[in-house]
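What follows is a set of structures to go through.
Okay, so subunit A shows up in both of these, paired with subunit B first and subunit C after.
On to the complex of A and B.
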């Protein structure tokens, strides 16, 4: 029980840190706004110019970032638990790439529809991600069960292949579109607004709530296929359900913020170290960790060089890669 | 008969080898039954199929007259617990958490463990003599303690039937006997029907009421240990020459295999 209250404490602390980082992130940028004005602007009072910067530009972007972090981290956590492999992540498995190429194809063939089609893009991304999943699932389904080994190696192959095709496709674009697409491919929150936020919220709320209710079943899946079946889990069905949900999450995020890597990989690892492997704690913890990484990554990207903006995907990769190597190294020792 | 397990025309097998065909088997309830046979004879596959870890291509397994392949898998988990050989605990999980997982089939949706569930978890740990280890991480336990923790998890499922796939493998002789005595006690006090795959014939003889010998995916013979463990049968099943004797003080049939019998090896 003492252990449980410690874990709850960690979750509350994380939530507070996340809130604080959002406040600080709002404060950062080309024109810095004092924290006092930030708080004022939240309530719609203060200097009108600053209210616009904060309420129309920065806040939606930061909240979109937080949501993307939540979605990607959750997707990564589920993939890692379901496959029982600590390296699974929507980026590595090619789900992000599948979602990405679908969106890219949409942009290449219907560039004029981009502006009006915010609602359609997540659906495209979802179809792309799902196609990769269906392919991987059929590829890895051997002797009546899902082979995790084939699933992972197949995913890595898919990711590499699709990324190559995306590069070829994007070189055929005209210059301004190419810039937009390449920024989007590495993952960027540039230009996101309240509209994106509403959309993302709409797409994320169902799978997030679903997974939180599902946490005990995921705990059982973690015991291994045979033990889980023995305990009365319909493992093959749960595999399909959970993989579907993780694609849903990843695709929704990719459709808005592009291919931000590493969040899905690193957040569950950090969360495991903080609260252990029980999913009723692990999932919320990973969600907040992912949000935190994304919000801070974006803030750093805006702050480091003020004249140009470094996309959040690059910042996250640069910061996460060494940390992840450190984690792996420590684990194997 | 209650809790009787019946395999009817059962056929299963994965990939090449390890398959069996048209198996008919009745497991007596309230007894300890051991499956014996050479490596690759299909005894593990039979155990896994009879506990629905493997889907058969043909045939049925009935518990209380109901097919386990047509029942809700959670309902099966309330009647039958299975301890696979490959069971490994997730990193960092405590003994108590592992054992509490045994309550999963009885807990629906988001409900937390009830007082009754906690009592059962406590009882299962007590029965397996691992109460003092309850806060320890499973990774840090010795082989024998780990196996006890897993058995406690299966016990917490509160089923009348317990399947175990080679529960004594990788344990030294004292822990092998310790685990087998624990299972025997559970059978005697809780009337749990136990079905297990065993390698050691003398253990099978000492601890089971019923022995089923499997050869090349077929049930060769079944009966009491004294009926099964004979020179002739050991030559057929394991291709070994053996001396059979009766334990001087305990009265069990014992065997001392002493040579590989090339002639019967096909």
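On to the complex of A and C.
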């Protein structure tokens, strides 16, 4: 019992830290706004110029960042649990790339539809991501088992190849589009607004709730196939449903903020350290860690050099790739 | 068992029978390289014909723009493609033996990313540095990338498997690439860099080609020099030691050669992945396991692929250049997947 309360305590503390870092992130930026004005602006009082900066520019962007962090972290957690592979991540496995190329194809072939059709882009992204996953699944599935190694190598190869194709496609775009695409390929929150936020909420809320309700079943499945079957879980079908959901999450995030890698890898590991492996704690904890990484990464990217912003994808990669290497070094593969 | 058979085959008469075959293939590859070179020189946005190319070589007319384009832009570019293709293929072939890793490639193992990282540092902090200096940085960066990848793959503790190396390589690449992108964004060199990083031959001049050519040739000669040693090494360490090969020294020379080749070619054309993976595999299929044959053949085969990919890259989206590195990756991906797939099949049968 004591343990449970400690875990709840950690979750509450994380939530508070997240809230605090959102406040700080709102505070940071090209024109810095004192904290007092930030709070005032939330309630719509204070200097009009500052209200616009905060309410129309910074706040939506930061919230989109937090949501993307949540989505990617959940996607990564599920992938790691389901494939039994501690190094899985939608970025590393090429799912982000698959989603990205679907969006890019849409952009190249229907440029005039892009502005009015934000709503359906995540669906394209989903199709792209899912095709990569299906391919990987068939590539690595033999003798009734999913081979962890080949799942990863295949994913890395796919990611490299698809990125190359995207580069080829994007050289045909006109210059302004090219700038946008290349920014988006590394993962950036630049120019996101309330519209994106609504969209992301719409696409994320169902799978997030679903996974949270589902966490007990994931636990059962992790006890091993025989035990799970004995407890009445139809493993194969559940696996597919979960993979499906994780691709959905990644695709929604990619279609808004581009290919931010490594969040889905790192946050479940940090969460495991904090609250252990039971999914009813692990998933919320990973969600908040992911949101925290994304928000802080974006804030750092805006702060390092005031006149230029470094895309959040770059910041996160620089910070998390060493962690991946550390894990790889530790794990027996 | 299999290894022993291989040893027998190589040590005894099997190779002598196929000697004529080897030379025929080599001549064929050489002719193809020459043809690809001419194709590359002839094709371009400005257009041209074989006649003009020959004219520009023999009776150079300084008033003709076409002659100027051919002499100052296209020929160095085609030569650059040959150098880079040859260098990366041989580097890949050596790495596959020295690291005992059939999936080795300078791009996949983070070596190109390391070189690119150092070049971006050099561009920002020592912007006045000469091209020779850039090349030096690049070779140094290649060494950093190698050390990081092998270090983090847990090489010290246990036997390194190819998969671990590829995982480590991809993370090291992601890390170093992100760092160099960050640096270049901060200092406003990102436009030049992003294009270059994806592997492109555009804007090559005689100057760069002339500076890198001797080093790449040196690397190729070194690779050729140790090729018979590599054949012995490829049969496994125990066999090599019992045959009296200086295993440690061979490894060291091999690694140095790889770094030299990869570093110089990255400074010339940016990061090109998968080329070093594909070419040696194809050549081994055709030539068999003898590296004194595989390496010379890889030189030509790599050059041909680079020349043709560059031509396609120029024509695909004319007048814009499509980065040749991206095209090579697209060709290389199915190959890579096929190789991992096949490897698994072999494992199963054991």
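One rule holds for everything that comes next: the second predicted complex is superposed on the first by the 306 of 333 C-alpha atoms of A that agree within 3 Å, B and C clash if a C-alpha of one lies under 4 Å from a C-alpha of the other, contacts with A are read in each partner's own complex, and residues count from 1 in each chain.
What we mean here is this: a contact is a pair of C-beta atoms (placed from the backbone, for glycine too) under 8 Å apart; a residue touches a chain by one contact, two chains touch by 3 or more.
Remember, predicted model here, so these are calculated numbers, not experimental data.
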- Mind working out whether A:276 is in touch with subunit B, subunit C, both or neither, as first, second, both or neither? first
- Item | Which superposed partner A:213 touches (first subunit B, second subunit C, both, neither) | first
- Message: Looking at A:234, would you say it contacts subunit B, subunit C, both, or neither? Reply first, second, both or neither.
- Response: first
- Figure out whether A:317 sits in contact with subunit B (first) or subunit C (second), or with both, or with neither. second
- Query: Who does A:222 touch here: subunit B (first), subunit C (second), both, or neither?
  - Reply: first
- Pick one for A:201: touches subunit B only (first), subunit C only (second), both, or neither. neither
- Task: Check the residue A:105 against both partner chains and state whether it touches subunit B (first), subunit C (second), both, or neither.
- Result: neither
- Message: If you tally the residues of subunit A touched by each partner, is the higher count for subunit B or for subunit C?
- Response: C
- Task: Would you mind listing the overlap between the subunit B footprint and the subunit C footprint on subunit A?
- Result: 143
- Message: Going by the contact rule set out above, which residues of subunit B touch subunit A in the complex?
- Response: 14-15, 48, 51-53, 55, 72-78, 81-84, 86-93, 97, 101-102, 104-105, 107, 109-110, 154, 157
- Item | Residues of subunit A defined as touching subunit C within the complex | 87, 92, 139, 142-143, 147, 149-150, 152-154, 156-161, 163-165, 167-168, 171-172, 182, 186, 261-262, 304-305, 308, 310-311, 313-315, 317-318, 321-322, 324-326, 328-329, 332-333
- subunit B touches which residues of subunit A in the complex? 143-144, 213, 216, 219-220, 222-224, 226-227, 229-234, 272, 276-278
- Which residues, counting only subunit C, touch subunit A once they are in their complex? 103, 107-108, 148, 152-154, 158, 161, 163-164, 166-168, 170-172, 174-175, 177-179, 181-182, 185-186, 188, 194, 198, 273-274, 316-317, 320-323, 325-327, 329-330, 332-334, 336-337, 340-341, 344, 348
